[in-house]
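Both complexes below contain subunit A, partnered by subunit B and then by subunit C.
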Partner chain A sequence: MAKILDKQRYKCAMSAMQTVQAIERAIPVLHSGPGCAQKLSGSTGSSGYFSPNIYPCTSINERDVVFGGVKKLESTIRHSLEVIDADLYVVLTGCIPEIVGDNTEEVVSGFKEEEKPVIYALTAGFKGNNYKGHEQVIDALTEQYLEPSKIRIKGLVNIWADVPYQDEFWHGNYKELERLVKKLGLTPNIIFGYNRGIENIKKIPAAEFNLLISPWVGLTNMKKMEQKLGIPYLHYPTLPIGAFETSKFLREIGTYAGVPEEKVEAVISEEESSYYYYIERYADLFLETRVMSKQFTVVADAQYALGITKFLVNDLGLFPAKQFVVDDTPREYQEKVRSYFKDLNYIIEAEVSFDTDGFNIHNEIKAHDYHGYPLILGGHWEKEVAKQTNAHFLNVSWPVNERLIMNSYYAGYEGGLKLIEDIYSVAKTRFN
Partner chain B sequence: MAFQLSGSNLGTRENRLGSITGYVGDLEDLASQSKCGTLTGCSRCFSQSSTCLSGCALGQLGGIRDVAIIHHGPAGCSATASSQYIVTNQVAAKRGVVNSSVYIGTDMDENDTIFGSTDALAEIILEVNRRYHPKAIFVSSSCATGIIGEDIDSVVDEVKEAIPVPVIAVHCEGFKSRIWATGFDISDHAVLSGIVEPPRKKQNTINFKNFYESARNEIIEMFQNFDLEPVFLYANATVEELKHLSEAVATTCICGTLGNYLGNGLEEVYGVPYIRTINPLGITGFETWLREIGRVAGKQPQVERYIEEQRNIYIPQIEAVKKELKGLKAVLGMGPGYTFEVTRVLNELGIEVVWALAWHYDKRYENGEIPPAMSYLLENDINFEASVADQQNFEVMNILNKFRPDLYLSRHPGSTVWAIKQGTPAVYVADEYMIFGYKHTLEFAHAILDTIRNRSFEQNLAKRVKLPYTDWWYQQEVGKFLEEAIS
Partner chain C sequence: MSYKIAAASEDGEQINLNFGAAQRFLIYEVNEDGVWTLLEERSVPEGLEDVSGCGSQSCSGGGGGCHGSGAVSLKVDLLSDCRCIVCKKIGFPIQKQFEKKTISTFEISGNLEEVLDKITLYFYRSDHHQTLKGIAKQ
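Here is the complex of A and B:
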């Protein structure tokens, strides 16, 4: 049912156009009103090989609402193939065609014989938010493009983690996760980002397993791939940030993939040694920055709320106040996600609220006693409540404003150091 | 046309002004066809994404101080809440005021498309009022609510009793017009019909329709010479200020597309003169505009004095930089409120416009006349090839590839990058005051000069990237996909 969306944290399912945009040389073809792409794309990192104003669009008008828009869709796809040089065309449907009942599947099936693949995903805005839309696109790939592989390549791992663009660190995070998995002697396969694209999509079916790094987004995709392509999956719910979680992450993958223990431990030892070299050098700063207190709150999607909470508790020794998960996590996943926040060092348990109403969240933050300056990591909306509560504020989750992220990242050992840099760059703006 | 302020809905630009989004030809043909009434726009059998009118409508209204926008639709429709918030805050901070406006979505889901959600909407409006006590509430529809026939007018009527401030229904179904500028009219209509009150006493104010009031201080200072006080609309304007728009000496606007509906509405309904000259961009534009304001306000001698004084400062400097710009060739793509104004300024600066794209074209304005910027060009025998395309990037690229100009000028996000990828230097004419008056005309000329003097960035990038269009497309005529519109 319609509900108040105050300080909005997500967009609609059709924002999955950004998932497509993250695959090099894949282009969304929109069956929607003329302005959806402009509205749903941010202005950061969108002028790649394609950009939102390149996306073909049926630009549905009043006439199409009455008479249907399938003819226009057919001609838009046909001409897209002529005009735009892409490897993959992903038709995304918006609200209008799904309400008026256009048969998109039938139109798209007319392009089966084309040299380039044309697939579709039903992503009407009312079907759910962009986390669900992202899943729709991946499912569409599995259902309509991928076929079971006769061969299985030992050590080939498909990695699924961030929702591109919704997480502005997606470029860097994927790169770092790829680097870490590679160090274990495995062969990572990622479809999003630089120099990957369709060739990597083609490799998906031959993988030994799927690695899903996410509390809940993508689970349906893993199940679908397991069912259709016979690829088992390892679900690692926490985005590893900092040494504690990243080492745990490497051990778990190592065990699952049968990497010799000595090899895993050697990698961990090397990475931790470098990580703690820096931690040691700056530890005095952490202890002696007089404005830093212990309690923190994260307001983010499940991915970041969990990843950052674990890092701040298990690595930096901070203490969790209430954490807010704002991605509209489906009810069926909430208990499981809640349980992840209870698995912290020293049997610390973080209280979690699943809430999409920023007004309530801000009231709860204002009502809590942080016993010092609060540390708030959240969306840009939290800048306001941080000001009201005299908190340190770092914008880590969508919406991200007033900072630019190109290829930096919070994942892994180095990502943890980067997060510390960002937090202390804020804290150091005050003396007392 | 007669303004109907009793209903919450209004016609689209296509219906009211005969506006079009598909045309290829030249300026003279466009104008003569407009005059004799034979101009019919084309539709396209292939098009790329453009812009939603709701962004224009609600972006404008959301800039008003301390109001609430409630955008009834799926979460994507209200996704601009965050960018609206940041812009609102930053322009308020620049001026030193606080703007507490909120932009709320309703996260409509599949059940709502089947069973409707008017009860939930009513409760959301009441809750927003309880939370923020806004000075006005604008309740907008979306494509989805429009198609399922959600009656937002009735919901607004129902909650009005319980809310002490104006609650106004705003109809923003994105599919109803290809012309996002219809959204500007929608916002003006909401203000005119829901907030503006009949005049009680005449004031020495001038309603100044703009986007983000970046030149606020200098304009206030300028108008002091003529005993006029500008009221900038809508960013940072208060609801109280809007109530009194009918009491102004005149209404003017930095962009004809933006201000046309409000200006004509205030003139027709309340007798506030609307300044209908070419816009204050470039030298001739600025002087023509200022003289008309002087005439309407009875301040001609003061205006002449001001013009003379300012000319002495700036004209020699503009003349000096013009020498370096002479002979450059430019292509530009902008909303029609700027395309035909900026072509005039480029002409003044000695730059030849080889092709101009307008994102749409209004055959006539609300008063039945063709836009003054067009008349000016025709009267001065300035003609060039022109097309009308709602930001159809593939058409822009086709044109740039054929003409290989020295410069591309554009005014919409995401457009300039494509020119530079093709190796053409680009100037993003983002700020509405970028070419305002003598001072900014001079700055604009220098911005162009600096852009073409150092082409490193675009050359570096162009050398390393591949363009997304096929060779086949570059060999086609720009109007390849235009077809007769089916009305």
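Here is the complex of A and C:
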């Protein structure tokens, strides 16, 4: 029987337009029906020089299904190049052109000689969600734009972490990861966000290594870059939040990149001493807030479910109830991701479920005994079950409907403090 | 179920007329197996006062856009028993009027026979829940 997707956690692959939007002066050129473009365009923080309402779109219709839409695609790309002043044009295809058999590759290859790069990604929705779409855009860059570099710049590191806009803390997280890596004496290179763009894309091939901070999203990109550009990668599966994980993270990068141990330890000790200064100042709050939860559940993509679970256990001393990974993690990665949740301090292991069905998830939350007020960190959908279970609720994962995240972040030492602030700000609203 | 297709063609070989310019339409009947035959030629009665499909206010530069909300074109009425209209060009408001009657419009020029083969294949596959995979290439 057909299954109904209850409480949507992601969008279809063509939402990779958000990944393109996150690269300054890059513009998606959509080969799809107007409805796809309209429905996928809504996300906070996407106005600016280019915004979804001006994305060129072939707006294909029934006629193009029968007779093909390649002519429209050709003219749409040509006119985009004429009218829109961008640095990179990324053609994204929806379901229809791929089903009926439009040869996008052939059309796009006709623009090889243009001054500005035009690449394409086949992001038909039936191929997967926007985590996959994000990967397809990065792969498209590797396959169609980047060339192996003759020079390697010592210490240059490409950083890949959050999926922009899907993970709403992406702006701040990337900035903080950049700051930390820089402190180790390395030169971080990130393509998403403020003041980066095409110049940073061009630097990718010269990097000494790729740093992937994500449980599974991006792994295929790293392999592709290793294969084509000869860049090795360091896979750090956990988004580091708080002191324990961030120090571990810095040590691992330090070892991999050959940063002298004394230097790494000096950075860690400086960062930790500031971090624990605040923890110490507010220790009374942690001890005396009686309404604070003992057990927690995270409902998020693997990136946040894992990062937050590790932080709440290792740094805050909470106990994990079941965790829910809702990004439709491909089967081949599930066991590996599950194992990361078992690697917690104090021999604690977190049970994790890969489920995209909100109905099941909420039923499991309702059935669990949290030994007090539950702490639920999840998408906007969890507000309902939080109310039913009298829980403390913090909206950290998509959809984020009732808070605004501009450039704040959970990554790193200070990110951990920010997450504590957010959690206790919720807990403190209850009579203690 | 059989259905009809209206084509705007001057010579019965090429689709070469704009919808507005066509004074007669070739009506084809398509049987259940997707085989098409010429059924009749349907002329637009002389002196038929046509409208653009716009209400007098909606397209007068007010910027409100046009959604085919004006009086229904008599040509649309004339072809309302067809499943789709094939012509070289057709205006947006008239397309909208056909759309409201669930009649598809195909803007295409070229060989009439090939176009009819393609459209009938498309409808046949849709009606029989068959895949449209690769249809644009066939």
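In this section, the second predicted complex is superposed on the first by the 427 of 432 C-alpha atoms of A that agree within 3 Å, B and C clash if a C-alpha of one lies under 4 Å from a C-alpha of the other, contacts with A are read in each partner's own complex, and residues count from 1 in each chain.
Assume contacts are C-beta pairs under 8 Å (C-beta built on N, C-alpha and C of every residue); 3 or more make two chains touch, one makes a residue touch a chain.
Source: prediction; values computed, not measured.
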Partners on subunit A (subunit B, subunit C) - clash or fit: clash
Contacts of A:Ser47 with subunit B and subunit C, given as first, second, both or neither: first
First (subunit B), second (subunit C), both or neither touched by A:Gly33: first
First (subunit B), second (subunit C), both or neither touched by A:Val100: both
Partner touching more residues of subunit A, whether subunit B or subunit C: B
Contacts of A:His79 with subunit B and subunit C, given as first, second, both or neither: first
First (subunit B), second (subunit C), both or neither touched by A:Gly68: second
Offending stretch of subunit B which, after superposing on A, collides with subunit C (from 254-262, 362-370 or 452-460): 362-370
Common interface positions of subunit A, toward subunit B and toward subunit C: 62-65, 99-100
Contacting residues of subunit A [partner subunit C, same complex]: 62-70, 99-102
Partner subunit B, residues of subunit A touching it in the complex: 1-8, 10-15, 27, 30, 33-40, 42-43, 46-47, 49-65, 72, 75-76, 79-80, 82-86, 94-96, 99-100, 124-130, 356, 359, 379-381, 398-399, 401-402
Residue ranges of subunit C in contact with subunit A within the complex: 104-108, 115, 118-119, 122, 131-137
Residues on subunit B engaged by subunit A in the complex (per definition of touch): 45-55, 72-83, 85-86, 102, 104-113, 117, 120-121, 124, 127-128, 131, 142-144, 147-148, 174-176, 178, 180, 390-391, 393-394, 413-415, 417-418, 465-466, 468-470, 472-473, 481, 486
